[in-house]
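The structures considered in this document are given below.
The following pair of complexes shares a single chain, chain A, combined with chain B in the former and chain C in the latter.
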Partner chain A sequence: MEPGPNKNGSRSSSYKKNKSPLYSSSLDGLISHGLLNSWRAMIRLFKIKDQRKEEAANANGRAPAKKQSAGELRLHKDISELNLPKTTTIAFPNGKDDLMNFEISIRPDEGYYLGGTFTFTFQISASYPHEPPKVKCKTKVYHPNIDLEGNVCLNILREDWKPVLNINTVIYGLNLLFTQPNDEDPLNHEAAAVLHDNPRLFETNVRRAMAGGYVGNTYFTRCI
Partner chain B sequence: MTEMGRWRDIDKLLARPGNIISPGFEPSPQLREEIGGLVRVLVVGAGGLGCELLKDLALSGFKNIDVIDMDTIEVSNLNRQFLFRIHDVGKSKAEVAAKRVMERVSGVNITPHFCRIEDKDIEFYSDFNIIVLGLDSIEARSYINSVACSFLEYDPDDNPVPETIKPMVDGGTEGFKGHARVIVPGTTPCFECNIWLFPPQVKFPLCTLAETPRTAAHCIEYAHLIKWDEVHNGKTFDPDDPEHMQWVYSEALKRAELFGITGVTYSLTQGVVKNIIPAIASTNAIVSAACALEALKLVSGCSRTLSNYLTYNGLEGTHIKVTDFIRDKDCLVCGPGTLIELDSSVTLLQFMELLGKHPQLRLSKPSITHRGNNLYMQAPPVLEEMTRSNLQLPLFDLIDKVPKDTVHVSGTTEKNDKRTTCLRKLRVVFKDQVNGVTSMDTAGAN
Partner chain C sequence: MFPSRSKMKVKILNWHAVASWTWDAQDETCGICRMAFDGCCPDCKYPGDDCPLIWGACNHSFHLHCILKWVNSQTSQPHCPMCRREWQFKAWEQRRRGFQLETPGQC
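Our next item is the complex of A and B:
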């Protein structure tokens, strides 16, 4: 993996200069605690460890459970702070303890998509927020920035994702896609071309798709 | 090489005193044998770096080594993963690597584990005195780090309890660059303390992939992210399945032809999909040597350890730099958190009120989670409803009647009249359930 620290000077405030940086000063505290001060101490230590393990096993007969990953914890914070727009509802299909997989439904209250209901699945990886959420649209939609497989072209989901962004930001971004569909970043280029050349036809096509019907050769299921 | 000749240099480190030894280091001609007999090392990863690590550790006197890797050997590995031969293709990397090193270094015992790191329970990891990482992904490092840090306990003064410390040595390479770092949880930064060291993966806009591909990587990502779903109805792409990779490669090739783009190869496809930069054998060798030496230093005290992050760059000349990173004192993974003592009869609601009054926390609107169980969520309403009934139950019962454990809480704090959101780690101790813990300070919990 990329060794980063010398790449970005602005990060230098996060680490301290040391007179002889090759050798540990921070470990000295540990050494004085007797962990690594001598081989004999190490031997003692290993014996204690074995003892403790036996004690632990006898005490409750089970191994300690794994901690939550940092990503899961950050997600817990994001979800507990959610402030959903009134167009949006959220559901946790796997119950209250699986926040890593959830669905949101957007019911736009203005624009071309007024009255439709569009469901998105969110998959959050353990390395969230280092990695953005994976978002797919479950509802087949006639939209320039969402393809027929449900891939979504939203900058903050890919090239512009930053760890300071959160689930709320993404939900607002998705809402924006319905009020301001954008013909410049097409994923469904036929829909984008129609939006660009003939907005009235685009509107008709969106209505037809949402009511359940064909636009060109593609069948859309009703989502109103 | 004769048996004596093999150990000549290692014994010079272990049997003689020196100027930069750890305090209290007692050199001895028997030290190497003692280390070999007592220390158990886990090597995570048996790829390019892992092969080097196994060889280097075995030649440094470690005799009880385990290695874990879920991958099988591919033809493209053979140029640098020097323990593997053409007839090994398709076999487990861990198994073949273990066998080869044992054939060459007498007296070493290497136990292979051909599985995912997540497949092993936490007890498996607790058996090792030191963990050495030769991995190529952030996810895997983050996972091992959280496991190693989960053994760490703090005393009432927030000092790490020595016998709960599980040291790690982490190596990594990417082309001509590499790093070696020493992680002593509770003392030096853990992987999560400065995860920002790892730049996020470059992600191309989907619409570029769909509409205006310009590079070979664009064509590969198109096949991987868009075309795959179009063709494979609901089947998830598995980057470790060679057939899936081959499919993506051939689709990327077609797309590249369509747009007149050159440069799509199978190994580039693997690289783009798995976000891997081609490995260089010499970088692996250098980084592994640094890691093996740190492992030896950690267990023997024959020298002070690296403090704490070494970067190597062999792109133009050779640059080596050591940076002493500092810990994130609020790190959720390795930090001590805030100690809170309470009675086992305290309900979740009473506990939440306590957090608001706690002088170091002053935490309002708390949402509480314990080992993946969400005990209470302030939002969204659907989760608040599902967790509301917990409010009247004793916290002790909600966390499976464990006398001391860690819970995490999200909420808002007020500092200098400013409200900010925060996420905190709490060490909860039920006084009436812990025997012999009388020296605990009361931390203002009641």
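Our next item is the complex of A and C:
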């Protein structure tokens, strides 16, 4: 049932062999022949598909080739399409084989945090982008939306995460935290209260923390 | 059927049909997995019927497998990952009507 020129060279023989009730009148016959051929082509396509599936299954059984998870694939695209703001750098401390764990450093070029350098760790799960990246701030910072353990309060990292977001949008979100810290929904309530009631004092506190020193009872290491 | 009285005898010896297909989506890639719509989601091997596209009532489209994974992972009412409107699968009839409305006078 091979469509097209067959191996023994006689083309018309296949036409005759396939004579079926579909070949009633001459014109109908032509149309049906065309249809039949395309059906056969489809059937062949399905066969090839099944064959490939089998081959793939066998290959999986024999050599467990290192297959990238869906999350890794997507992350790979995110990384290769990164368009970092000039304040931000990225590093892969575990080398290029581990893209799922990396660090970014932000050096704000305006606002209260101008001059400081703040490092964040990113942990990407295998179910990315259905789960947001886990982001922590490694640098101890006096900030209303980052607590002293490094937990970050950013809407797109929690309730507003959606899988069309990517690493780039998260990085822009983190940058925004430094240019526009907000006193609503704070993690560091003390810092938020100061920002709300006395922005001048807040500015002084941020400077003191970044230079390395105490704000209240908390010691901050230098990050300028 | 032919306008002349003499019948023309045509014998087609060989016929090679080639067809191509593409999804009729607004985007090139799925917003969730970032893979091409004409390709398949990362969990599939073969595009087409094995890994179809699906439209939401908001007109955003995704790989069926990608949006199902997202919708099923949401504890509350799921939202479209693109526009955050409530996610509802678009009925086929609705979709056709939508296309007719979007392209008036194009017949």
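Please note the rule applied: the second predicted complex is superposed on the first by the 161 of 224 C-alpha atoms of A that agree within 3 Å, B and C clash if a C-alpha of one lies under 4 Å from a C-alpha of the other, contacts with A are read in each partner's own complex, and residues count from 1 in each chain.
As a convention for this text, contacts are C-beta pairs under 8 Å (C-beta built on N, C-alpha and C of every residue); 3 or more make two chains touch, one makes a residue touch a chain.
Keep in mind that what you see is a predicted model, and the values were worked out from it rather than measured.
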{"item": "Chain B versus chain C as contact partner of A:E110, first or second or both or neither", "value": "neither"}
{"item": "Contact breadth on chain A, by residue count: chain C or chain B", "value": "B"}
{"item": "Partner chain in contact with A:V164 - chain B first, chain C second, else both or neither", "value": "second"}
{"item": "Which of chain B and chain C A:R74 touches, first, second, both or neither", "value": "both"}
{"item": "First (chain B), second (chain C), both or neither touched by A:H130", "value": "both"}
{"item": "First, second, both or neither for A:L82, with chain B first and chain C second", "value": "first"}
{"item": "Which of chain B and chain C A:D185 touches, first, second, both or neither", "value": "first"}
{"item": "Contact residues common to both interfaces of chain A (with chain B and with chain C)", "value": "4-5, 11, 15, 26-27, 30, 33-34, 37-38, 41, 49, 52-53, 69-70, 73-74, 77, 130, 163"}
{"item": "Contacting residues of chain A [partner chain C, same complex]", "value": "4-5, 11-12, 15, 26-27, 30, 33-34, 37-38, 41, 49, 52-53, 56, 69-70, 73-74, 77-78, 129-130, 162-164"}
{"item": "Of all residues in chain A, those that touch chain B in their complex", "value": "1-7, 11, 14-18, 21-43, 45-46, 48-49, 52-53, 60, 63-74, 76-77, 79-84, 89-92, 95-97, 99, 125-127, 130-132, 145, 147, 149-153, 155, 158-159, 161, 163, 185-187, 189"}
{"item": "Complex interface listing, chain B residues touching chain A", "value": "20, 22-26, 28, 31, 34-35, 38-39, 121-123, 126, 129, 136-139, 141-143, 146-147, 149-150, 159-160, 162-163, 165, 172-174, 177-179, 182, 184, 187-188, 192, 194-201, 203-207, 210-211, 225-226, 229-230, 298-301, 303-309, 311-313, 321-326, 332-333, 367, 369, 371-374, 377-380, 382-383, 386-387, 402, 406, 408, 410-411, 421, 423"}
{"item": "Complex contact set, residues of chain C against chain A", "value": "1, 9-17, 31-35, 41-43, 45-46, 66, 69-70, 73, 79, 81-82, 84"}
